[in-house]
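Both of the next two complexes hold chain A, though its partner changes from chain B to chain C.
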Partner chain A sequence: MELYLIIILVLMILGSIYSLNASDLLSAVISYGIVGFGLVIAFLLLQAPDLAIVQVVVEVATLIIMIAAIKNTQSKIPKMEFKPKIAIYYAITLIAALVFILIFDRATGCLSQFGADTMRMAQPYIDGAQHTKSANLVTGVVFDYRAYDTLGEATVLFTAVIGVLTILRIKGKKEK
Partner chain B sequence: MIIYILCFILFLVGLYGVVSKRNLIKIIIGIAIMEYSINLFFIMIGYIEGGTAPIITKGFEHSKFVDPLPQAMILTSIVIGLATTALLLAVAIRLYQKYGTFDINKIKDLKG
Partner chain C sequence: MKGMTIIVKKIGQIICPVIFMFGLYIILHGHLTPGGGFAGGVIMAGAFILQILANGNILPNLRKEEEGLEFMESAAILGFLILAGLGLLFSGGVVFFANFLDKGELGKLISGGFIPIENIVVGAEVCAAIATIFIAMVVYKDEEKK
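Presenting the complex of A and B:
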């Protein structure tokens, strides 16, 4: 179980590195799809089917919007020529990444091990299933206990759609 | 613990993309990768070994469930992530229409 998850995570990391270094924007977007669909499988392995369904829809929508953004564009990216100065930058980046990982390791040391049985926050939600009458506990939390959060989410989504329509509208303001 | 660190490495890859790339589409891809790694990290914290998906069906009324609370939070977060990515891409499309390039250095030179 944990082994499968590690394999998928390594695949996602490789896909994201290729996506960021690809010389062609279309292959960058498509290998970005590896990350999203790997995330879907990871959600399924972690017993979160609702999230997997939502993630499939979101990933497909994101890929369609990205391909719509890069179609009809000059998508070749000029290669950076290698200078000796760049090697120093790579070294600094690697050291910074190692320091970040060490800090992360110390900061999450207080968390319990992966897969440990820690149910102190969610027990009331599971016991409350008989009050919400919802067979799916996630739906019970989203639409009953935290319905105002969902309302806020709908507001954010509505605002973002209005923003996209405002930015992309073809007719501009009339010049005086 | 190795699995948390792999998730964090995915976050660092996204950060590298945001900081070092000059192409707008790649910066947006980096932001989306960071967001995905955060979502995955939360779900990993909520996972319980041997737990089933938090759906009550016949025969599974009293079995052990994984934590439903992070899943409900991340459900909101995924949808908001789509909204922000779509807004960023709309800005990128508009910038391309105005300047004819996705390169942020060239856009900076062309401004004004």
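Presenting the complex of A and C:
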């Protein structure tokens, strides 16, 4: 299973690198879709069907909305010309990434093996099915134990829609 | 936005009710099978988006539909808050989101107290939100041209 995961993760990294270097925005968005759909297969391999369903439908919806947004803009990316100033930025970014990787390596060394402590965290929630009477444990967690978090998520979505409407309401601004 | 050919329109008409029913199924069985309010809501919004993509902006009252969806979204999130407040009321002012309804039997369709109701409310909210964003892009783009 880990081999499949590694293959999919490499594909996702390749897709994101290609989307960074693509010449127009449409192919960048579509190749970025590789990352989302690769994540779906990764979730399925890690036995999380709830997350996989949400990820696949949200990925399709965001791809459509992104393409609809791109059709309203210019699709060509302006070419960047090389200046000596840019080399300094690249160097700073490389040094920051190197430091981050070193600290990340130290930090992950302290953690236990991947997936070793799953049951310690999950056992109270599995027993909780008797309390919430919800056969789907994830829904039991999301809508009963962590319902306040769900209210926050719904509020974030609501705020996002209000923001989109405010930005797109061009005609309402012109009439004033 | 222009519509597509007759083939796409007909296939869209045939397949849209199936997608919508599947979204409803995912929401209503959220406490039994994988999925729930968020996934089912986005699937239901997908049915709307498919219709708009296939038919274009020729649906006469798309602006009215957008206002209805905005109302539905606001009402759904208000309903979610009211559910939370009812939980606070029934538990005697101790627990926000207290599960105050009768919980029933594990594994039945009507069980889990107010978890199915929360699923329905969140599903309506997510469906209205995603569809509103897409319709706003179509409608305001066309208004800008005129």
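Keep in mind that, in the parts below, the second predicted complex is superposed on the first by the 147 of 176 C-alpha atoms of A that agree within 3 Å, B and C clash if a C-alpha of one lies under 4 Å from a C-alpha of the other, contacts with A are read in each partner's own complex, and residues count from 1 in each chain.
Note that in this section a residue touches a chain if its C-beta (ideal position, glycine included) is under 8 Å from a C-beta of that chain, and two chains touch if they have at least 3 such contacts.
Everything numeric in this text was worked out from a predicted model, so none of it was measured.
> In the superposed model built on chain A, check whether chain B and chain C fit or clash.
After superposition on chain A, chain B vs chain C: fit, no clash.
> In the overlaid three-chain picture, which partner chain does A:Ile86 touch, first (chain B) or second (chain C), both, or neither?
Neither partner.
> Taking the superposition as given, does A:Val10 touch the first partner, chain B, the second, chain C, both, or neither?
First partner only, chain B.
> Under the stated touch criterion, name the partner, chain B or chain C, that contacts more residues in chain A.
Looking at chain A, the partner in contact with more of its residues is B.
> If you stack the two complexes on chain A, which partner ends up touching A:Val161: first (chain B), second (chain C), both, or neither?
both
> After lining up the shared chain so the two structures overlap, which partner does A:Leu25 touch, if you call chain B first and chain C second: first, second, both or neither?
It touches chain B, and chain C stays clear.
> Output check: A:Asp117 vs chain B and chain C. Expected answer is one of first, second, both, neither. What do you get?
first
> First (chain B), second (chain C), both or neither: which does A:Ala129 touch?
both
> With both complexes superposed on chain A, which partner does A:Ile70 reach: first (chain B), second (chain C), both or neither?
A:Ile70: touches chain B, not chain C.
> Can A:Val99 be said to touch chain B (first), chain C (second), both, or neither?
neither
> Please indicate which partner A:Asp149 is in contact with in the superposed arrangement: first for chain B, second for chain C, both, or neither.
first
> Just to confirm the value: shortest Cα separation between chain B and chain C in the superposed three-chain model, in whole Å.
Nearest C-alpha atoms of the two chains are 7 Å apart.
> Once the two structures are fitted together, what part of chain A is touched by chain B and by chain C alike?
49-50, 54, 58, 61, 65, 68-69, 129, 135-136, 138, 140, 142, 150, 153, 157, 160-161, 164, 168
> Over in the complex, which chain A residues touch chain C? Could you list them?
It is residues 49-50, 52-54, 57-58, 60-61, 64-65, 68-69, 72, 129-130, 132-136, 138-140, 142-144, 147-148, 150-151, 153-155, 157-158, 160-161, 164-165, 168-171 of chain A that touch chain C.
> Considering the complex alone, what residue numbers of chain B touch chain A?
1-10, 12-14, 16-17, 20-21, 23, 25-26, 28-30, 32-33, 36, 39-40, 43-49, 51-57, 64-69, 71-72, 74-76, 78-87, 89-94, 96, 100-102
> Please give the residue numbers of chain C that touch chain A in the complex, ascending.
Residues 26, 30-39, 42-43, 45-46, 49, 53, 70, 73-74, 77, 80-81, 84, 96-97, 99, 103-107, 111-113, 115, 118-119, 122, 125-126, 129-130, 132-134, 136-138, 140-141, 143-144.
> For chain A, which residues count as touching chain B in their complex?
Residues 1-2, 5-6, 9-10, 12-13, 16-17, 19-20, 25, 28-29, 32, 35-36, 39, 42-43, 46-51, 54-55, 58, 61-62, 65-66, 68-70, 73-74, 77, 93, 97, 100-101, 104-105, 108, 111, 113-119, 121-122, 125-126, 129, 135-138, 140-142, 146, 149-150, 153, 156-157, 159-161, 163-164, 167-168.
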